[in-house]
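One chain, subunit A, links the two complexes that follow: it is found with subunit B in the first and with subunit C in the second.
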Partner chain A sequence: MAELSTDHLLGIKYITPKDIELIFSIADNFKEVINRPIKKVPTLRDVTIANIFFENSTRTKLSFELAEKRLSADVINFSAGASSVTKGETLVDTVNNILAMKTDMVVMRHPNAGAAAFLSKHVDAKIVNAGDGAHEHPTQALLDAFSIREKLGDVKGKKVLIVGDILHSRVALSNIFCLQKLGAEVRLCGPATLMPKYIESLGVKIEPDFRKALEWCDVTNMLRIQMERQETKYFPSLREYTMQYGLTKKILDSLDKEIVVMHPGPINRGVEITSDVADSEHSIILNQVENGVAIRMAVLYLLAEKIKR
Partner chain B sequence: MQPRVILNSTQLQLTINRLCYQLIENHNDFSNTVLIGLQPRGKYLLNAVTAQLAKINKKLPVINGNLDITFYRDDFRRGDVLKANTTEIDFEVEGKKVVLIDDVLYTGRTIRAGLEAINHFGRPESVELLVLIDRRFSRHLPIQPDYTGKTVDSVTKEKVKVEWKGLDKKNQVLLYTPNE
Partner chain C sequence: MTKNLLIKKALVIDSKSIHNGQTVDILIENGKIVEVKKTIVSKHKTFAADNLHVSQGWIDMRANFCDPGYEHKEDIQSGLIAAQKGGFTEVAVMPSTYPVTDSKSGIEYMLNAARESSVNLLPIGATSQQMKGDCIAEMLDMKKAGAAAFSDDKRSIQNAELLKTALLYAKSFDGLIIHFPNDKSIAGKGQVNEGSTSTANGLLGLPSLAEELMVARDLFLAEYCDSKIHLTCVSTAKSVDLIRNAKAKGIKVTCDTTAHHLLLDDSNIATFDTRYKTMPPLRSKNDIKALIKGINDGTIDVIVSDHTPEDIESKKKEFDLAKFGIIGLESAFGVLNTSLSKYVDLEKIINTISIAPRTIMGLEAPTIEVGNAANITMFNPKKEWIFTESDILSKSKNSPFIGSSLEGRALATYSGKKLSFC
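After this line comes the complex of A and B, so read on.
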């Protein structure tokens, strides 16, 4: 059987459509496992995984930790806030110290783009990128595409809209790569100030009119405005943003078709999406969270297979 | 060298029929029994057994499912990349008499993984093992079948394959001996 073409999961950009299909097929198996009375398999019992988070996270960190524990791996957690990083230690030193304690894999989130790729060249462990700056968040893109596949049967040929703060979003970039590799069509919508320059060179179209964009798509992925990454004002006010790009029940009901609503979380209710939409039958937001565990189990399983014995 | 036929289609059918009667002897009306085929090839034997049981007595309510043991194997990271199959167990295992079904019993490692996997669905009252072919003197673990179709003496480099119509050419069991 095929194996992953890479030794690390640094981004969707670096993996092949075949890799994605392989991850999905294993994730199908793990989805069945996590719905059993005992949601655990012993596969990774001799593997130790370090979760290193230099940036805040709730969902991703919990999801990875749960995935690791359901595979019976030993898990150590590290948050930068309470660590020697504040005492001036470098990234490579920090990670090498953790690896000296005999860990095999590192799941890392870092505020700087390329941190995971940098680490993979300097330390001897399998690296899983859990988000690096505004670059990539591969497992999020995988679980998004997996959720679309689950809901609509296939990703190929589907029209997916990504709305909001594309400029600061690693989710958007990974989603574009992942959806395109699986044969979906991607369009972006949001304020022009939050569109990265040259984003169209990736083969995506920008549709500034939110309503037109919704009429075009099968799936809409509503991103959060990343206030913590914005140093200047990109639009006059949140209220104005909501008026133009907020998804409400009223807009959904006025469309002549049903579309699937996704959100990578955390939701800012009443900003990019109203509560009645987030909690409606159109929304697969909680399915995304459940699938996240299965996808991460699949990624860890396939990378663990490559650890030298 | 041509493979040697260990059981032809008729013999295979007779063997399955006998195994079914042995099951009925021990499990009566199957009211507290579940049959579980081990993926990937045990599934086909399970299908043959349930079909034959239905022929013998239509009223038998034979609960059955398939179990994939990939994630419980003891050779993860020690050889080939393992491909998982589906597990279909949509019934309670707790308190049931479980009969694990596989086509060939060789080292016993698959069965060991199966025993561990089945416990993750609940605590069975008992677990038995039914195999079509028991390759004697090749066990790595102290595991023996409760129901055996045929016992075969073979050396390590030989290979036993159970073929099923639809999947392969016809129903038969073959012994492959590699050329010297």
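After this line comes the complex of A and C, so read on.
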């Protein structure tokens, strides 16, 4: 049976288009499973997974935990707040302590870029990166591409726009890598203050005009404005951001084609998109959430296959 | 002690010496050069080697010895031993100690601790008190105690008025200010060079602009004060251009770059390997080209090791949390020569680690001529070798060059009436 080319999921950068196709085909099966009356399979019985979150997360953590439980894995959760990290323990020691209790896989979110890659070199467990700083959030990109494939039949040849804070966004980076690997074209739109100076070296184009960008695309992915992450003010007010980059029903209706609207959540209603857009037939935001569980089940399943048992 | 020594068949690389470019025998008696001739017959101990070259003893213009305060990373003894291993007979040491070396007693501590060594330590005192950048330190008192220059090390002086004051104040006693150009408001918490690699890896970029803005400011200040200034760890193409133009205008600026910035570019950080995390960050291949051009045309005067020891606890970490710094004393010549040998004359290369730093710091040059005290580095610029952990005599091992194949190696030094093998 086919298997992944890597032992960890550290980022989309490190996996092949074939890996992505494999994850999608397994996720197709799991999507069917989670829509059955009995949503659980025994596949990962006797696999112990630690969800280690050094940064706040609600939906990603929930989605992973649900995926793990649907696969019948044993799950432990660890949040940095009340932990030894604040007592000065190193990341490697923290994780090795958890592994000493016989854990097979680690799902980790961490505020520093490269933390998952660093961990994979120093501990003996399969690592799934659930977001590392402004680097990658691979499962989010996979579920985004999976949702586009589900809605439009294929990702190849599609034009995908990513709008907003590209500078601080691991979602943007993983999406760029994933969509490119699947043959889609990616453009970016957002304030120049939130656009990395060298982003075009990744093979994407910047379209500063939001309206033109929307006219170009088949899908628009509206990134969340993360006010809590920004140390400097990159724009004067949310109001002014919304004036320039907020997606409204009025704009959507004025386009001469139908486009698909995505959002990695949680939405700031009335900032990135208005409520009527979020709740419209253009939006596949809740499909993304549902697909997130299936994608994460597929990733965990494929990595568990690599554990020598 | 090896008071007497005969060096056989050595090619002299010393542009100040009448023997420059000649292959000669050199006779040393009681620490002094007594004879330099085509062939000398003597009963003294002899030193001979394949492709043997000699030059004035090498001098490193910036190293950190972490002593006092951080002796678990390096101390003055281990630092001097590491310097000798790399072929250096003199080394200028930064004041990043705890407490900061910002007073006469700090300078005296360093000099006392180095007294027995064959490697001459040149203490650099802090420019500002505790290197806080608020008010200038007692530079005159430190100079009288033996400080070779003044610097706040990698803590760039953000306040232009303070640097102006320091430059003016140091003029009356010919003090040299060494300044590291890095505008903090632009640099922010940047971890690596801003470029395609930082972008693809989600690491916060430190733009070249942070350096270049401050180079420009410092040049204006030096011009205004009519003072000399030495800019350290210059790493970008535009900085080199700015300094080149300033020199042409007659501004009294000199500068250095580091050995590792000549060989390594920022693509190395794609694996989040913290051994490559250094300040200023490793730059692009284009910047390396510009640095080499700057060495060739004399814009860059000096190459330094920027020896910055860090313990494993400070390096085996998430990239953002790891400390900046690379050790370099043991590998510096191999690294800089590997980068430069194809593009720069050997004489020019050796100049950057011997004659130029001494001229800038106003030190006496130990020219290889009869009558002078022998202060000599013996080396083979073509020697191919692999740099291994066993070549590191520093207490810290934070080198990205372990396992690298290098061209050119110091074989031995003679200084302080002593022959020491490298």
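General remarks:
The rule is simple: the second predicted complex is superposed on the first by the 309 of 309 C-alpha atoms of A that agree within 3 Å, B and C clash if a C-alpha of one lies under 4 Å from a C-alpha of the other, contacts with A are read in each partner's own complex, and residues count from 1 in each chain.
One rule holds in what follows: contacts are C-beta pairs under 8 Å (C-beta built on N, C-alpha and C of every residue); 3 or more make two chains touch, one makes a residue touch a chain.
Quantities reported herein were computed from a predicted structural model and do not represent experimental measurements.
Contacts of A:91 after superposition: subunit C is touched, whereas subunit B is not reached. When the two structures are aligned on the shared chain, A:110 is found in touch with subunit C, with no touch to subunit B.
When the shared chain is aligned, no partner comes close enough to touch A:289: not subunit B, not subunit C.
Applying the stated contact rule after C-alpha superposition, one finds that A:62 touches neither subunit B nor subunit C. In the superposition on chain A, A:99 makes contact with neither subunit B nor subunit C.
In the superposition on chain A, A:42 contacts subunit B only, with no contact to subunit C. Annotation: subunit A has no residue touching subunit B in one complex and subunit C in the other. Within the complex formed with subunit A, the residues of subunit C that make contact are 188, 194-196, 198-205, 207, 271-272, 313, 316-321. Chain contact summary for the complex, subunit B toward subunit A: residues 68, 70-72, 76-78, 80-87, 116, 119-122. For subunit A in complex with subunit C, the touching residues are 13, 90-92, 110-115, 117-118, 122, 132-136, 170, 173, 196-199, 201-202, 231. Contacts from subunit A toward subunit B in the complex involve residues 1-3, 25-26, 28-29, 32-33, 36-38, 40-44, 301, 304-305, 307, 309.
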